[in-house]
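The same chain A turns up in both complexes below, where it pairs with chain B and then with chain C.
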Partner chain A sequence: MKRILDVKNLQVSLPTPNGNLRAVRGIDLHVNKGEMLCIVGESGCGKSMTSMALMGLLPKRAEVTAETMYFDGMDLLSLSKKERNQVRGMRMSMIFQEPMTSLNPSYTLGNQLCEGIIKHKKVSKDEAKKRAVYLLERAGVPYPEKRLDQYPHQLSGGLRQRVMIAMALMCEPDLIIADEPTTALDVTIQAQILRLIRELQQEFGTAVIFITHDLGVVARIADRVAVMYAGQVVETASAQDLFADPQHPYTKGLLNCIPIPGKTLPGSHLESIPGVVPSLIGELKGCAFENRCSASIGECCYRSPSLENHLGSEAHQVRCPVATTSFQEAV
Partner chain B sequence: MLVFIFRRLLVAFSVAITVSIVSFMLLHLSGDLAISIAGPESTAEQVEQIRIDFGLDKPMVYQYFDWLWSAVQLDFGRSYYFQDTVMSLISDRLPVTLTLGGLALALATVIAIPLGVIAAIKQDTWIDRLALTIAVIGQAMPSFWFGLTLIVIFAVNLHWLPAGGNETWQHFVLPAIALGYYAMPAMMRLTRTGMLEVLNSDYIRTARSKGLNESSVIFKHALRNAVIPVVALAAVELGFMLGGSVVIESVFSLKGLGQLAWDAITRNDYPVVQAVVLIIAVFYILLTFLADVINAMLDPRLRVR
Partner chain C sequence: MAEYALELSNLSRHFYLKNGAFKEPTLLKAVDGISLRIRPGETLGLVGESGCGKSTLAKMILGLLEPTDGDVLINDKMRGASSRLSMSRQLQPIFQDPYSSLNPRKTIEQIIRLPLQLHKIGDAKSQQKAVQDISDLVGLPERLLKNYPGQLSGGQRQRVAIARALILKPNILVCDEPTSALDVSVQAQILNLLMDLKKELGLTYLFISHNLGVVEHLVDRVAVMYRGKIVEQGTREEIFQNAQHPYTQALLSSVLTPEPALGLPEVLDSSAWDRAS
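And then the complex of A and B:
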């Protein structure tokens, strides 16, 4: 399958008064055309930093490096500022976590929906409006024509997120990065928005990187999953494989934290992963998860594990010597 | 929007009425007017005569409406000190003050807003520090001293511009610079902080994610939101410059409203004081109203209030 995005060894670091914060520590990531990749991880694991780095939206002081960062055959890191602007917005777009504040309060929705496509595709105002109305309708916004003249404060959070989704689709992008788009919404609205993103993604054949901390969401929509911990991908697999056969102790821990209706007894103890995420300032010695891991062995303390194929398949990779050696021993 | 403007007008009107009551009261809080008009040498009969001539024997409410009715017709009576009607005194002075205030504000705005925007974009660079230094100097330097310095350099030494008076537009250049530099720092700082806050907001990130040009992000998406508090500040500053530019007016011997007010206050010339207070207050009210309308045009959320 053709890869729309191919990233090798992505690193992001931010200078802080206490030293360099290495938020993303060498991520390998690819997204196939028309595929839904979920990136899962807890707060501060670098998943938002990764998405901002891919979009090129990090502040100047952030240092972004990568061996390769190819988008549809183009090296994103070698593009000029202008060329990058052209790619961003037209060929890759983004949906953010906070629908309440992500729209400019001073401009009508029509204005904000249309400005990107008018700039990138040089279409007329009327054409842009037509497309906006069509997409608003597809995104489940009632009275789409009327909305063009409305302002963000006249809409609820759920509706605003639908507008953001329509906005992300305006230029028919190849890739949409959705950074926790349902986190700030009510549970009922969450389910609707998830379904909508999945539907539109399949209908338009857009590849989506969906960033979330919620494995329940992953189970519903993902084709493939990358689990992140402390700025690294610790496990990546198809959604099916990951839920059926998790390998990394962190993934297993996350899965154990989810109560299963009918299986988890009311009032029983809900699992959690003990300990906290290590500080990402400076170098880490050994495996980043070692201090919270129940399966850790001697070498975990000093040797940083690399991402290895599981069962010889590139489709399922794990960054854990215990998971991979126990397999080798079994063979 | 029309409803909004109508409501604001209503508020403005009621404030104007309140101010007129206060400025009417000013006159009467200062003691028995008939005695002070008649002077220390007068007899009781003369005082009584004056009381009747000036209508001071009538009830307060009657006097107020009588005065208000004349005021609406721009008749503020005669000055006690200057041999002239209050209105003709004011119509001589007001244009001078308006020109000075308007020029100074225009100058301050034209410098403050771009400088604030640049300082915010180049935060923590030498440009930012330079802008802040200029602002601090403007705030710390007494305006009379700056005015005198300007006179010494540009009028006395270089002979480029006149030192005082208000005959031609050239006479207004130096005072407008002095007054404008006094008004500029606050506006520039407010623009800078506003821009810094807005540039960090989520909707600017959205605008960037659409791949818009940096100029479109800054001028279309950021500045419009950042400048809202600056509009309100500018209105207040202009109001302040209309009433409080006494210092600059005396340094440059401009015959403006500030100087007239000062002369009237020192000479107990109450009709003049009263009229000046009322006129400046009405200007304040107009400016606030205008600022509200401009802000409502900039930010649709303000229109509902």
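And then the complex of A and C:
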């Protein structure tokens, strides 16, 4: 399978008055062509920082380093600003969380939809409009021709998100990063938008990095999942494996604390993960999850675990010595 | 004891939306003739999508918004018959966003204590004791009392909001999306706390949420709201196992449980339930 994106040891740190905030602390990530990779984690785990770093949208003061960051054979780190601008928008595009704030209120939708393709692909205005109408229609926006002259405030939240999706597809990108695209929407609309993203992704063969905090969404949409905690990937596996056989104590904890209709006994005591996420300012000693973990052993508080294969398979990796040793003992 | 802790009869709130200086304003029926009853000790879940009028309803119950029509009865007494101050002894809110509902310039102790001061209950010493007791009850460590909201995590702040709501010993809590701003691991802690408090203090909850998983876990009865009206209500079993209204059915089918094999649900468009309501 061809990798469209291959990132090794991505780190992002931001200077704050209290010291360096290490938001992303060494992430290895790859996305295959046409694949849906979900990054899941709670607020502050660095998932949005990762996506912004991949897109090159972080402010200058943020320090982004990586061993390698290849996009379709191109080294993103060595590109000049101009070359990076060529890639962004044309070959990599993004769907943002808030369709209310990420569309410009003072330009028409047609203007915003066509801007990128006119700039990147040097097509005429008419051709750009044609494509915009086609994609709006594919995205399920009624009266697509009329929408081109409308402003964002004239549309509902769900429709705006559909416009965002159409916009992301304008230049036929190879990779779309969707950062919590359905969080601001109602559940019925969410299901429709997820279906749409899935359908269009399969139709156009686009790779998607889907960022969310909602494990329900992940289970239903992902091919592969990476669970993030405190700026690191703690577990990665196919969606099937992750939900059927979670290994990391954090993943298990997350799955246990959601009440599931029809499964969890109503009114019963829910399992929760005690404590809070550690501060990411400065160095973290040992495992980041150690203070909240029920399975921690002595070495957890000083040895930082690395991402190891589970059952010898590269497809399922876990960052927890306890999970991997208990397997070895069992064998 | 009152027969109903909270009773709404034919409650409505209309807004007029301006369409410019010379055009007729549009009438928006945010809440349109809602009648609901909650017995003491019962938890009623109110579900519905954004803009359906859930929060307008909550505001009217809390007395933050005047109804256009209809009555709110709290413990069999009309809201409005007595002052807001005395009503607040019986009914307290927990808001959605613990990041904006706490005053950033007051310490946690001051925030929790303020209702006691407003109601002139006890002296300084007994108030301090009450604050400590209630913090214990909601699982807030005592060392945090001198801190400011900005130094607390989301879950801790929501505990502060619950402590502040409970310090006047009300029997009804109106919870407007109390966990939707929290991470799932923290959400479970707060839900457990709400369930424990209910058992311990015999509280009545009006629990407003769009998260059906949470609603099913917590409530005894459910009311489904759509465009300002209640389209269906019933016990938890009736709604979750045998929903009648197409909108309720659509809501239930769009709940995404973490089961990869199920894939994405087919969702009807809104015309199906618009016709039914």
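Convention: the second predicted complex is superposed on the first by the 331 of 331 C-alpha atoms of A that agree within 3 Å, B and C clash if a C-alpha of one lies under 4 Å from a C-alpha of the other, contacts with A are read in each partner's own complex, and residues count from 1 in each chain.
By our rule, contacts are C-beta pairs under 8 Å (C-beta built on N, C-alpha and C of every residue); 3 or more make two chains touch, one makes a residue touch a chain.
In this text, all values refer to a predicted model and were calculated from it rather than measured experimentally.
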- After aligning the two structures on chain A, examine chain B and chain C and state clash or fit. fit
- What is the value, to the nearest 10 degrees, of the angle subtended at the Cα centroid of chain A by the Cα centroids of chain B and chain C? 70
- Task: Pick one for A:Gly116: touches chain B only (first), chain C only (second), both, or neither.
- Result: first
- Task: With the two complexes superposed on chain A, say which partner A:Gly89 touches: chain B (first), chain C (second), both, or neither.
- Result: first
- Query: Which of the two partners, first being chain B and second being chain C, lies in contact with A:Ile273: first, second, both, or neither?
  - Reply: second
- Message: With both complexes superposed on chain A, which partner does A:Glu98 reach: first (chain B), second (chain C), both or neither?
- Response: first
- Message: In this superposition, which partner touches a larger number of chain A residues, chain B or chain C?
- Response: C
- Partner chain(s) touched by A:Leu148 [first = chain B, second = chain C, both, neither]: neither
- First, second, both or neither for A:Leu159, with chain B first and chain C second: neither
- Query: Thinking of the overlay built on chain A, is A:Ser106 touched by chain B (first), by chain C (second), by both, or by neither?
  - Reply: first
- Could you grab the smallest C-alpha gap between chain B and chain C in the overlay, to the nearest Å? 5
- Message: Which residues of chain A touch chain B once you look at their complex with the stated criterion?
- Response: 55, 57, 84-90, 93-94, 96, 98, 101-107, 112, 115-116, 119-120, 151, 153, 164, 167
- Partner chain A, residues of chain B touching it in the complex: 201-203, 205-213, 216, 220-221, 224-225, 298-301
- Item | Partner chain A, residues of chain C touching it in the complex | 49-50, 153-156, 183-189, 191-192, 195, 210, 212-214, 216-218, 236, 240, 250-267, 269-270
- Message: Which stretch or stretches of chain A touch chain C in the complex?
- Response: 42-43, 157, 186-192, 194-195, 198, 213-222, 239-240, 243-244, 253-255, 257-264, 266-274, 276
